[in-house]
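Pasting the structures here.
Next come two complexes, and both contain subunit A; in the first it sits with subunit B, in the second with subunit C.
Moving on, here comes the complex of A and B:
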């Protein structure tokens, strides 16, 4: 859930817009470069944007007794790197601000900063870190998407706490309050988003191996025995992710 | 059901369970307005923290009713789902075309034209405007085909 129209004081709204602008501009350049260099990736780019579109339209009940929606930014960040996801996320936010009165134009900068900048970068960072330490692909994808989703709403809480500090307990008191509304609500949704991202990644591995290899998600061992071990690795990974989900679910209950 | 399909179904079931459980367990019962949006709650929290705060800008367009709003949200989800389904359907069709061409290659020896024809025509109707789609880039196509042929086999041995 994004910050509603007009709900950030003008100075804050302007500051977040200024902070977000360079990322968006850089993202547009990266997107242009990608489309020029690899026109064949346009289709997968569209699919990544579509994933964000679907997920951010789904308001899902959560344990706190309120509803929120996932962001869907982890997938695109992992596939195409965060700058490109920044553009796709901002487009989604703009659509919602203009047509759905969800989020807003004055808060677009702040919302883009949380959902389209910090979320993708944090998720991508976690994904890369896990991959580099030898964690299986699907487990890394799960936590990448989980972190992208959750960090978005942590930033939203910080943004609101900065704008509306508690009269008695100050910034931290307000942070606890907004964190309780946004971040806690988001935890089970972030798990859902992680699982859905794993699902889409599994389908992509079945359907678009060549593209994933080019994007560096799959190792470029497309021949002989190496390929066989690669596939085995991912199968094992999904098994592990599945087990993890089991425990996660138990915890949620 | 293959192992792959089982895992995918399980993933969807867990997601569904995560969404339904809060409702089934009545976790919203203590609230005045159960399962309201987190953004609406944040607005309430803001008015609590700073009672004199007035939003200084209102949306240019606001859906006139909850029904229209939910229709627009459904439209957003439908657009996204449509593009995703298009992508996976196209990929699947291409894969089938390729394997058919490969099977045919044993017989008549000129499969390449066939593959490209079946792959290219739907790509022209792609949803992303203003961009030329050339999914038959030489290097990638070869890698794709190779990966695909060994892919399912590898999966099965893995299982």
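Moving on, here comes the complex of A and C:
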């Protein structure tokens, strides 16, 4: 999924870096505001980033028989929101390039655009849309992670097709070629990541309610809390956590 | 610790200023990407290998282990260029210049990856991050990256141990068990990460934490002879590539 070092022509590498820059700057500003308001958040955000880094190192079984690793962008965006996830994802990509020889520095902008920007925003958008429509939490989490993973690969296919248009059919042919190659492994992997994210979220609701509440994923519904969309938070009916243990909780976002 | 970072901490060039190594490693990478793949990339790759195995003193075995990862990506990434979609040859056929383009891409990515590895094998991330503040990166971002770097290794150790324990309890014996174990592993990482952050926060609060993480950075002076040699090497590579390209064409 990571575009390797030197794979993109210099102009493309520079262009994708320029395209990613506004989102990264927006994320950095959000992070700055958060840290200024709550200095102790530095450690929490660092822990969140480390979790993202470790999550992307987990091997998940693929339908094709091989193994791959989750992007972690869907879960990250749901837990930490897309602007913060953009910064954490970019730092994670930098660490992967320097510590694991995975990805690259000249391709950091392109990889950040697909994995740290489009993936989190698309996944989070779908998650929010489904939650607003009253879709159950775990279904929303599944589709959020699924779309985040798949959109990452779609953007990577576009990036590769733009860099290497097909000699016969141009950009569209190259898009079909790269997209077709990715589809064989990535659609099953996106399903796998969605399932894994649901399992992880279920465990987190059981074991880390305090952290999820602090992150704003869960709110205490008994106090009439409002969710991030501005709608009145409901009680256990809206959250799987509440359904599981009988406590009054609402899913904030 | 990850092998590349462990090698960087014990590197012969550890005490050199990261700026010097960045100019050399990233300069070679930029040369690999910008110069014509033939003959530029082989020349850059040869020069980088000579520096890595010579003055930088990187162990060949460790270098190969790290290099084979990007090499695998380079090879699989070059394969699609061998084919074309549509045209007279059918829906999918061999591209006329496919082998040439794939070969050039393979050379370019291999040489560029070696340049980054030169920087990574000689410069620990912990030496680079604190200096980024001077380069204009906002301090909170650097602080978050520092915490990520330090907690990340501990989490990776935890993940390895938990996975070992899961395997010993037949947690990876079947597909369903593997999924359960993986979910448990990810959830455990989350819990451990936040637990460690909370304990770090308590410890730092007791020491007057004001939101800034101050760390000691080993002092190092930028060596002008090193930078001059780097400039000469890069200029020589550019000149040699352009001369050879004319000669070969």
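Convention: the second predicted complex is superposed on the first by the 180 of 253 C-alpha atoms of A that agree within 3 Å, B and C clash if a C-alpha of one lies under 4 Å from a C-alpha of the other, contacts with A are read in each partner's own complex, and residues count from 1 in each chain.
Keep in mind that, in the parts below, a residue touches a chain if its C-beta (ideal position, glycine included) is under 8 Å from a C-beta of that chain, and two chains touch if they have at least 3 such contacts.
On a predicted model such as this, the values are computed, not experimentally measured, just so you know.
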Residue contacts with subunit A in the superposition, subunit B compared against subunit C: B
Subunit B versus subunit C as contact partner of A:169, first or second or both or neither: second
Contacts of A:98 with subunit B and subunit C, given as first, second, both or neither: both
Partner chain(s) touched by A:87 [first = subunit B, second = subunit C, both, neither]: second
Subunit B versus subunit C as contact partner of A:178, first or second or both or neither: both
Touching partner for A:188 - first (subunit B), second (subunit C), both, neither: first
Which of subunit B and subunit C A:213 touches, first, second, both or neither: first
First, second, both or neither for A:148, with subunit B first and subunit C second: neither
First (subunit B), second (subunit C), both or neither touched by A:31: second
Contact residues of subunit A, present in both the subunit B and the subunit C interface: 2-7, 9-10, 35, 39-40, 42-47, 49-51, 53-55, 57-58, 60-61, 95, 97-102, 104-106, 160, 164, 166-167, 174, 177-178, 181, 195-196, 199-200, 202-203, 207-208, 211
Interfacial residue positions of subunit A with respect to subunit B in the complex: 1-7, 9-10, 35, 38-40, 42-47, 49-68, 95-102, 104-106, 160, 164-167, 174, 177-178, 181-182, 185-186, 188-189, 191-192, 195-196, 198-200, 202-203, 206-211, 213-214, 222-223, 227-228, 230-232, 235-236, 238-239, 242, 245, 248-249, 252-253
Contact set on subunit A toward subunit C in their complex: 2-7, 9-10, 13, 28, 31-32, 35-36, 39-40, 42-51, 53-55, 57-58, 60-61, 87-88, 91-92, 94-95, 97-102, 104-106, 160, 164, 166-169, 173-174, 176-178, 181, 195-196, 199-200, 202-204, 207-208, 211
In the complex with subunit A, residue positions of subunit B that touch it: 4, 7-8, 10-12, 14-15, 17-23, 27-31, 34-39, 41-43, 45-46, 49-50, 53, 55-63, 69, 72-74, 76-77, 79-84, 87-88, 90-92, 95, 123, 126-128, 131-137, 140-141, 143-144, 146-148, 150-151, 154-155, 157-159
Residues on subunit C engaged by subunit A in the complex (per definition of touch): 2, 4-5, 26, 29-30, 32-34, 66-67, 69-70, 73-74, 77, 80-81, 83-87, 95-98, 101, 105, 108-113, 115-117, 119-120, 125, 138, 140-141, 143-152, 155-156, 159, 175, 178-180, 182-187, 189-191, 193-194, 196-198, 200-201, 204-205, 209-211, 213
